[in-house]
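Note that chain A is present in both complexes that follow, paired respectively with chain B and with chain C.
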Partner chain A sequence: MSEMKKIKNLKEFSTSADRFEGANLLCPGCAHSIIVREVLNATNDDLVLASSTGCLEVCTAVYPYTSWDASWIHIGFENSSTAVAGAEAMYNALKTKGRLKQPDRTPKFVAFGGDGSSYDIGFQWISGCMERNHNMMYIVLDNEVYANTGGQRSSSTPIGASATTSPAGTISYGEQKNKKDMLGIMGAHNIPYAAQVSPNKWKDMVKKIQKGFATEGAVFINAVSPCTTEWKFDPKDTMHLADLSTDSLVFPLYEIIEGHELNITYRPKNIVPVEEYLAAQGRFKHLFKDQYKHVISEWQTRVDENWEYLQRREAARV
Partner chain B sequence: MAKQGWDEFEIGSLLRSFDGKIDKCPAHTPQRDRSYSENNSHVASVADWRLIKPVYNKDYCIDCQFCWVYCPDVSIISRDKKMIGIDMDHCKGCGICVEVCPTNPKSLLMFPEQADEETELASWPTKDEEEE
Partner chain C sequence: MAFDKMELKDIEVWDGNHAAAQAMRQAQIDVVAAYPITPSTPIVEGYAKFKADNYVEGEFVMVESEHAAMSGCVGAAAAGGRVATATSSQGLALMAEVLYQASGMRLPIVLNLVNRALAAPLNVNGDHSDMYMVRDSGWIQFDAFSPQEAYDLNLIAFRVSEDHDVRIPAIINQDGFITSHTAQGVHTLSDDVAYNFVGEYKPMNDMLDFENPVTHGVQTEEDWHFEHKARQHNDMMTIVPGKIEEVFADFEKLTGRKYNKVECYDMNDADVAVVCMGTSVETAREVATEMRAKGIKAGVVGIRVFRPFPFFEIAEAIKDIKAVAVLDRCAPGGAAGTLFNEISGSLYNTDLKIALSGYIYGLGGRDLTKAHLVDLFNELQANADAGKVLTQQQQFIGVRGPKLAYL
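What follows is the complex of A and B.
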């Protein structure tokens, strides 16, 4: 077992030597890179990384540049999960045969994918990796839209969001389908560890990522990633949006251990109305017309019910 | 072209981050001590993306490191738990660091790209009583 990096407080965290580089081509204020930095800086171990096609992959590997100071596999839209699982399987095979050149090193295996890549196109591959219980971590950068190709809806896009393939207008309030409960589905694989994280709660994030790295077996992480371009807010407000997402409980922070032990890891002191979260984003602007206001109150009801559900699961250990 | 084995790569299919041999994990080497290769975006600049830029006033800074952790572009330079300044080659001018800075007045503020830093520092706003 490797030693866990000590990160007591933010000052200590800030002594980390980043392995993710600037002058990548992500939009100013993109949350993907804030999440990636928090994840990578949670460990000092070697990393074997992969990204599925999406903003993160495309913007951090524009020839002739790479923004990764670690082994990083650039692969298809659907299969960063299996690429990393393959690397992990190979590592184990070499280890068993005694052919590792530096057996004292304890690399961590991490795959990143967007919600389009994870909730939709790469879904069965992730499910397979989790079911086979590879010793790896899969992280979704959940911006609730296919951002890299111009904002098409995914099965993570919530009801009422205007996306390019579910536009709001005079006859539609935008997306009609509810967001897929990916964490619930992954938890139901009975994997050792599944959790939701948000970049504003860096300490909660680091704790969960370190817990994930210390876990033997498959780990699934869903990270909310406010997207200035597709959610339509000013780039300076990325962290404000992350705050609103966790404090309105639209993105509650919790973990599921072995499929049944659910722990809520953040209880906002002042719960923000869902309406405030929605009002901060251009993609929900139309919901404030009289005609569509019912979507907001229905949403609040869903959030309240979900919060109740999570608390009951937490108490019942199911 | 010679036939290649399954584990041999085409030249050009790998972008190397560093020059020379890497014995220890880069997590143990601060960015300033690394020998970046010409293929690392660290050697590139996005300074020309900016219309507005952050200016840092160390007089009010409490070294909380919020700007460091939330900067998407690894552009807040921290050393030994102290905020040192901004990496203007990699800063894209998003303004997040200013938003998350908790001091009053703020220790970071945004100005037009062409603004003169000395002038702005000399006329820095004083404590804003409106804010809690």
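What follows is the complex of A and C.
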């Protein structure tokens, strides 16, 4: 049994283990690298990592360079989950057969994917891995858009966002569909642990990641990843955007244990209006025209209702 | 709990699927990630039953699609151990993306491909459309004509694929239903002898070696992609052929069963010959013998190794033949048959003047009968006598409606 890493403060945490190099090609202000470091730094155990095709992958493993100081694999757009599941199966086989080179280690198996590769094209692969309950963690770096290919909509893109394949125009307010409730769907697999995290709430996040690492079985994490390029905000404001997302309850932080025990893990002292979250991003600029303002008020209603729903579920333990 | 060995008779009555599953069991695979599809399903079911009865110590992961099956195989192989799976037809089409990734990442994986037609129209029976579809995927491809060969070639494939000079995944083809579901006598090896032949898996760049972290599946653009692909091809052309011969020779020493990249039957003094794959080879051999009784010196060439393609062995095998027919069990889709093109390519820069014709046959499991082959050999004899192809170069065998001929 591996010992849980003790983390005293943010400074120590952010420098505690550098298995993900700062030498990478991600945009300045990209939340992906912050999230990845928070995940990797949460443990001292060995890691077997995978990334789906996407920003994280193309920016960290361009031959002959790598940003990864831990075993890492990329296959395709849709299958980082199953790549890690295959590696986890191999670990179990070699453990049974007594052929592990370092049998005393307690490796953690982690797959990363963007929302495009998770909510959309890799959805089936993740569902399969969760259903089979591999001893692994799947983490969505959720920036609500196909960022690597230039900002096309995914099923995580929220209603009203202007994306290149759902652009705002004279008769359209942009994306027409509500964001898919990925955490709810994954929770419904009755997996041991599912949680939504945000890099700004690092204590909450590291607690959940460590809880996930200590869990036997499949863990699903949805991490909010504000995208300076596609959300259109100043790169220095990444953490501010993460704050707005959690404090407006657009991205509520909660966990679902075994599919039924829902715990809200962060209750903002001062709830920020959704309008403020939207106003901070260029992708929602058009919503502030008179003809589209109804989208903002409808959004506020949905957020309020969802917050009510989460609290009811938390109380009812369903 | 230690796993159990299985006592086998010297000769067991197995169909091709069961023969493949038994060889997989004997190879003591570490991870099988698989998804069932007709006609390869009994391989996966058979392996699952071995696992349920404690004959398999490795992991068996039933995933949710063929794409996931090969994805899991790639992850497992990169982690560092022996990996195999099985599929057919549509399943292969779904996993095709990952086949290229497996070979490009130089991961040894063994895939039993039970050949079946590709839809539409939907069809579960055997032809070689799936085999041809992945001909350029960078995998080694063996072709078994019988259950015995499906068994033997599985054991051989692990040895070739996992060799550290090779590290290229391998497919073993067998004809859907005709081989996969037809029981025949199969000479077996004991579990210990079979495993000793395959040998222990020797990891390389394994993700589970935590002292030496490794990055698998990087991106390369115009600066390096070409070199990687060229190196892969170079190894297929220069290293794999010799390794296959070496393992074939070791297998012959162990069992007395001799395999060749190109299997020649009555070719030494033949005037006419058929080149084909799969179960058609055995049918053609039988008819060739009957043709000799009628005064036609007929021979048969079976393609045992489809990738890397045995160009020189083919040219050598048919260099003295006057008329040759190449049989393709796949819709040509607006071209000459795939195998026809390969044989043409083998001969083009030689001085050989062989009357070469191509025949499309057996699509979707349509039988190739002895009567078809009698007609074919007679047609070849006419070509041989004339010193040229008297018909159109591409003809269809056994299809209803008006005669189809092109080129």
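We adopt the following convention: the second predicted complex is superposed on the first by the 313 of 318 C-alpha atoms of A that agree within 3 Å, B and C clash if a C-alpha of one lies under 4 Å from a C-alpha of the other, contacts with A are read in each partner's own complex, and residues count from 1 in each chain.
The working rule: contacts are C-beta pairs under 8 Å (C-beta built on N, C-alpha and C of every residue); 3 or more make two chains touch, one makes a residue touch a chain.
Everything quoted here is computed from the prediction, not taken from an experiment.
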Problem - chain B versus chain C as contact partner of A:Leu94, first or second or both or neither - result: second
Practice task
Classify the contacts of A:Glu78 with the two partner chains as first (chain B alone), second (chain C alone), both, or neither.
Solution key: second
Exercise for the section: Kindly classify A:Arg132 by the partners it touches after superposition: chain B alone (first), chain C alone (second), both, or neither? Expected result: second
Handout entry: Contacts of A:Gln124 with chain B and chain C, given as first, second, both or neither
Key = second
Practice task
Please indicate which partner A:Ala61 is in contact with in the superposed arrangement: first for chain B, second for chain C, both, or neither.
Solution key: both
Practice task
Could you look at A:Ile185 and tell me whether it touches chain B, chain C, both or neither (first, second, both, neither)?
Solution key: neither
Practice task
Examine A:Ala70 and indicate which partner it touches, taking first as chain B and second as chain C; both and neither are also allowed.
Solution key: both
Exercise for the section: Identify the partner contact of A:Asp46: answer first if only chain B is touched, second if only chain C is, both if each is, neither if none is. Expected result: both
Fill in the blank from the handout: Dual-contact residues of chain A, meaning touching chain B and chain C, are 46, 61, 63-64, 66, 68-70, 105
Completion exercise
Residue positions on chain B within touch of chain A in the complex are 15-18, 25-31, 34, 38-46, 49, 63-66, 68-75, 78, 80-81, 87, 89-96, 98-100, 110
Handout entry: Complex interface listing, chain A residues touching chain B
Key = 10-26, 28-34, 37-38, 43-46, 60-61, 63-70, 105, 199-200, 202, 234-240
Fill in the blank from the handout: The residues of chain A that touch chain C in their complex are 46, 48, 50, 57-58, 61-64, 66, 68-76, 78-79, 82-87, 89-94, 96-97, 99-102, 105, 107, 124-125, 127-128, 131-132
Fill in the blank from the handout: Listed in rising order, the residues of chain C that touch chain A in the complex are 30-31, 33, 57-59, 61-65, 67-68, 71-81, 83, 97-98, 101, 105, 203, 206-211, 213-221, 224
